[in-house]
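Two complexes are shown next, each including chain A; its partner changes from chain B in the first to chain C in the second.
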Partner chain A sequence: MTAVTSTSPATPPSTTGASGVSSAQRRKRRITPARIALHIVLMTAALGWLAPVLLAVYASLRPYADTAAHGYLSWPERLTFDYYIQVWQDAELPRYFFNTLIVTVPAVIIILFLASFVAYAIARVRLPGARVLLVLFTAGNLLPPQVLITPLYVLYNKLPLPWWISDSMSLYDSYLGLIAIHVAFQLGFCVFVLANYMRQIPTEITEAALVDGAGLWKRYLTVTLPLARPALAALATLEFTWIYNDFLWALVLMSSGDKLPITSALNNLRGQFFTDYNLLAAGAVLVALPTIIVFNLLQKQFIAGLTLGANKG
Partner chain B sequence: MSPFPSSRFPHPHPHPTQFGVPVLSRRGLLRGAAVGTGALGLSGLLSACGERPADENTVTFGSNQSDPVPREALAQVVATFEEESDLTVEVNTVDHNTFQENINRYLQGTPDDVFTWFAGYRMQFFAAQGLLTPISDVWEDIGDQYSDAMRDQSTGEDGEQYFVPFYYYPWAMFYRPSVWAERGYTPPTTFDEYIALCDRMRADGLVPIAFGNEDGWPAMGTFDYLNMRINGYEFHAALMRGEESWEDPAVREVFATWAELLPYCQEGANGRIWQDAAQALVNGEAGMYLLGMFVGQQFPDDQRDDLDFFPFPEINPEHGQGAVEAPIDGFLISAEARNVDGAKELLRFLASAEAQELYLASDPNNIAANSTADTSNYSAMQNKAVELVSNATHISQFMDRDTRPDFASTVMIPSLQQFINDPSDIDGLLRQIEEQKQSIFDDE
Partner chain C sequence: MTTTPLAPSAGATTSSDGPPSGSRRARRVRRLGPRDITVLAVLLGAALVLDLALVWGPTVASITLSFTDWNGISDLRWVGTENYQDIVSTYPPFQRAVRNNVLWLAFLALVATPLGLLFAVLLDREIRFTRFYQSAFYLPVVLSLAIVGFIAQLVYARDYGALNALLGRENNPIDWLGDPDINIWAVLGAAGWRHVGYVMILYLAGLKAVDPSLKEAAAIDGASEVQTFFRVTLPTMRPINIIVLVITVIEGLRAFDIVYAINNGRNGLELLSVLVTENIVGEASRIGFGSALAVILLVIALGFIVTYLVQILREDRR
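Presenting the complex of A and B:
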């Protein structure tokens, strides 16, 4: 297994050499006015992206009466973590975080599992119409989910489920329905990325396995899948954040407030008329935190995931 | 490409035994798992028979009171009910806006037994579609504790009662007595006095009328009052029911009067939420503000006493100041309710003075709907609101509750926003409203 992995040209030595040279050159480069200008532009742009987040954090630390009277860009009278405590306890955030996990984790696993099947079939099994299949899955990405809201809503209400699967007795207002919709909409993208990635794995490796007598299952499970691990990791990261961030489907396909995932449950902090925007900011910061952490820890996979399959193998 | 055509098949023939064992065992495992799940599923199916377990001791309760304070208050009311009865109440809370926007889907899907909703046309609309359970028998018990106006607002077009009122909040012109006392303003009762006051405020450097309409609904309050003062409640109600034409000169006059008022209002209202408009009132930058009593929520706790209101001034002496806009919130039973008896028992409790007093203890911006409720703990403003509403000749519910919800949100919100941006083309605007109204109201 290790021998097989090392033969894959994931990082050709020439690339490493080239980047090493260029960074050495950069270090030698003198500070010119153009570079200073570049850095000023970059810093301004970075600040522009960070400003809303920082403002939300700042607002969440100040009492509403203070910001209402003096505006959000004023000097604080006092800073407090009260809103965070209030959000965590009164708004029962932990419960909604758990709901999100109930939807996200199975959805990501099922998506990757199914997508790797299709991708392997397209990339490595000589299937008649494989290209059409790939086009079909890719075309699915172009379908705007919003146009399907009404038909899906009606369909979900008409699909009965027994009581022990869904207490709503239908696919509507059930976790199963929500997981299914995410699987359906994310599958196309994952198949596209994985198929392109699997195509890049040298055919010689699978052929060698075939010569050694490995069946289709064995070649998929023990040869191709481990080699596709970088792609799977990248996709898992991307899909996790995408499904975590979903707001629309839970809103449309759920009716029980206590089953809502965290993003939709944030609405519970809004009142009939009055909304404490600083409290809402505290909630939003807490909800955004997991994606920010995931992004920073797995930044490499994240960027890999966005560029994977960008070029045709 | 591949020299091995057998790659299509899972088991290449040359080595059947070599890989047969692990493949078989994996298959065996899968099969075992499938049988296991099937058995579990079957037993679950048998025990439940695919039916939702009927529970006579549980009432489900859909609530739109999602923000912490009302949610906690309602939880206390429910806990008291559970103590006094043998029933358990399962509360399902969804935030107010989502609940409102999803109401059609909610009622046609799997609604709770009891749910929070609004009085008047907006309830009758669903009652007429057969989505609600009539509760006239509950009203036989609670009827004498409610005014006739409340009974009217709780009655469907078929004469049956459907709704239990819980609380209400009047709309009026709010102001800060301290700011007014400083400058010697007095509440106007006629439209001329009102305009004169606006001129004085402007001369004193105040914005006369605070105005924020980003969410689209606040401007409806201004239209409602102008229409009721100029053309009377009967015409207003008929217009809302779709029976009068929006191109009627009477409606034109409402908008013409409003156009006179707009220069006195805060500019750029379509980009301002009501909380920011109310803040102008709190800060003493604006003189007065037409809004519901919930405006008090924007006031810091220590300044809430410095808030008072006067009824919208008289325009046409024939109609005076009798009509009051006072939306009523309360509860309904869905047609799909599983435990109707339990739901009715819960409604009887929610209709009681006891339940409403308990709820209002935490929310001083509303008035109990039950006329026997204890008012001794009310603030001066709450008592004034009780007086305003009990002396009212007519009670309206607010535009988005008095007309078809789809008409209010898809036609009136954009139309009023358009009018506020550019009040010059009233005739064009009214033609446009009337056309869209006909297509929506003829839909049925």
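Presenting the complex of A and C:
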């Protein structure tokens, strides 16, 4: 058990194994022309990759009149945070952030919970028909979402909800409806990754719990789930990013402007006849910030978890 | 493919994983008590109902609707394959959308994916600043496509955009996003910018899982680094290759937000997904027609989904 848990988030670098590390260190000490060339190539590419984002940040700090006169690639007359203040206040960004969170957080939690249980049932319980289940869920995630739009729209309008759950009185235009479609659509991917991951956990561990007379639920919750933590962390990062960034479902299944998620709210910053792109840039930077922070915080776990889930060979 | 190619913990797990014996499996199934069965029924049931009601049900319904001329209000009227015939013969945006989707797919598969693989290989060498490089390449992936579409405007805008300034064409500017002959390439640049990071991170994970002793053995046998990569490393990453291929295809077919954010997918930026959305959500409300477009998209996707599933099943059997 300790062997498996030791791979958890905290210690991914140790994982390459002793020989890998030592040879890497040997290599690192030697500064060859090839190494320098490699760094030049990578640094150029990396800065090129960052350039558009930096351009957006730069644009957001400059008044419209300045960039309109000199273009986006020019020396600034002055830099200000005015646009950020304006976006935060005028565009009611906090409210849209709240809309996104009220959908994203429950959706990610429910997805991970349901998917981990289904994966557990498929990978560890060996139910008859487990393979069919796996295929059903995985294939569902691969369908183009546009195929689902019409029937979902009709279904959502026909399903009544009491007013205290949805003020639209139906699943359409409700947070619950958005959460439901995210959960249903993303389940497949998570089931696939988690089932692969759980298969690698040695059976001895669950066998031991079996001898103790633990029930299925207890074995899932106290034995398998904690062992699957790296994969869960990787999936949490991915799913958070995907659902946070969703644009299509909200466009199709929501109608009240004040319930839209943050990505759609960006469009509100576009004027009917005139769009201040610098203002929009400030909005985009603020909207992108949470996903960038989440990724950087979980970067190590992310790669470690992905490695384990993907390498089922 | 070798079994469990040695990722971090795999070393510990493989050794202890005995061959799953049939009798043990049978015993475990028999051990399920009534309480276990209730838990299974409730949770598996909830997941299944959600998946069937919100994913598979609507898919089947869409296929049915594609044979009607429903507009959302009228009665359902069966029109056979009329919608499909109209799409092919009298709907010009369809040809452009198919061309753009194919172009999108080819660009991602032939340019962006190999570039992502190259970055992953370069970054897999335990070099300095690797975390910075990784973050830089991955950054676009965490941005929403709507934001990518907007950043594209800062770069490509005709009058104030950075690209024209960089090329020194302020006096004779190129309308990167407005000219229907070139705007698809400009948008592909933005889509590729994002896809490279995606592929890089997947391959980075895949490369870490390749057994270093395989590479060492190849080196001892006198294989060059390039040979080792193409003959040993790449083939052992087959599961990742398949995942990357499928993700590439899905991204190519799902592409939507980015063109929608730029100009609602018109004027040279038509895509199948946009046409579907436009017909269904748009004012015309041609739901039967839009569904037929969706089914065409579905059929293309299915080809790749089946390939993917065959791979899953083959792995599952092992």
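Just so we're on the same page, the second predicted complex is superposed on the first by the 277 of 313 C-alpha atoms of A that agree within 3 Å, B and C clash if a C-alpha of one lies under 4 Å from a C-alpha of the other, contacts with A are read in each partner's own complex, and residues count from 1 in each chain.
Basically, a residue touches a chain if its C-beta (ideal position, glycine included) is under 8 Å from a C-beta of that chain, and two chains touch if they have at least 3 such contacts.
Keep in mind that this is a model prediction, so the values were computed, not measured.
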Partner chain(s) touched by A:Asp258 [first = chain B, second = chain C, both, neither]: first
First, second, both or neither for A:Gly215, with chain B first and chain C second: both
Touched partner set for A:Val125, first chain B, second chain C, both or neither: both
Contacts of A:Pro145 with chain B and chain C, given as first, second, both or neither: second
Chain B versus chain C as contact partner of A:Ile31, first or second or both or neither: neither
First (chain B), second (chain C), both or neither touched by A:Ala68: both
Contacts of A:Thr203 with chain B and chain C, given as first, second, both or neither: both
Greater chain A contact set [chain C / chain B]: C
Partner chain(s) touched by A:Pro162 [first = chain B, second = chain C, both, neither]: first
Contacts of A:Ser170 with chain B and chain C, given as first, second, both or neither: first
On chain A, positions contacted by chain B and by chain C: 68, 125-126, 153, 203, 210, 215-217, 251, 264, 267, 277
Residues of chain B touching chain A in the complex: 1-5, 7-12, 14-15, 18-19, 22-23, 26, 44-45, 48, 50-53, 63-70, 72, 92-98, 102, 105-106, 108-111, 274-275, 279, 282-283, 292, 294, 297-298, 300
Chain A residues within the chain B interface of the complex: 65, 68-69, 86, 90-91, 124-126, 153, 157, 160, 162-164, 167-170, 172-173, 203, 207, 210, 213-219, 251, 255-258, 260, 264, 267-277
Contacting residues of chain C [partner chain A, same complex]: 1-13, 16-18, 20, 24-25, 28-29, 31-33, 35-36, 39-40, 43-44, 46-48, 50-51, 53-59, 61-62, 65, 119, 122-123, 125-129, 131-147, 150-155, 157, 159-162, 164-166, 170, 193, 196-197, 201-202, 204-206, 208-209, 212, 236, 239-240, 243, 246, 250, 253-254, 256-257, 260-261, 272-273, 276-277, 280-281, 287, 290-291, 294-295, 297-298, 301, 304-305, 308-309, 312-313, 315-316
Touching residues on chain A, where the partner in the complex is chain C: 3-4, 6-7, 12, 15-17, 19-21, 24, 27-28, 35, 38-39, 41-43, 45-47, 49-50, 52-53, 55-56, 59, 67-68, 71-74, 114-115, 117-118, 121, 125-128, 131, 133-140, 142-153, 155, 180-181, 183-185, 187-188, 191-192, 200-204, 210, 215-217, 241, 244-248, 251-252, 263-264, 266-267, 277, 280-281, 284, 287-288, 291-292, 294-296, 299, 302-304, 306-308, 310-313
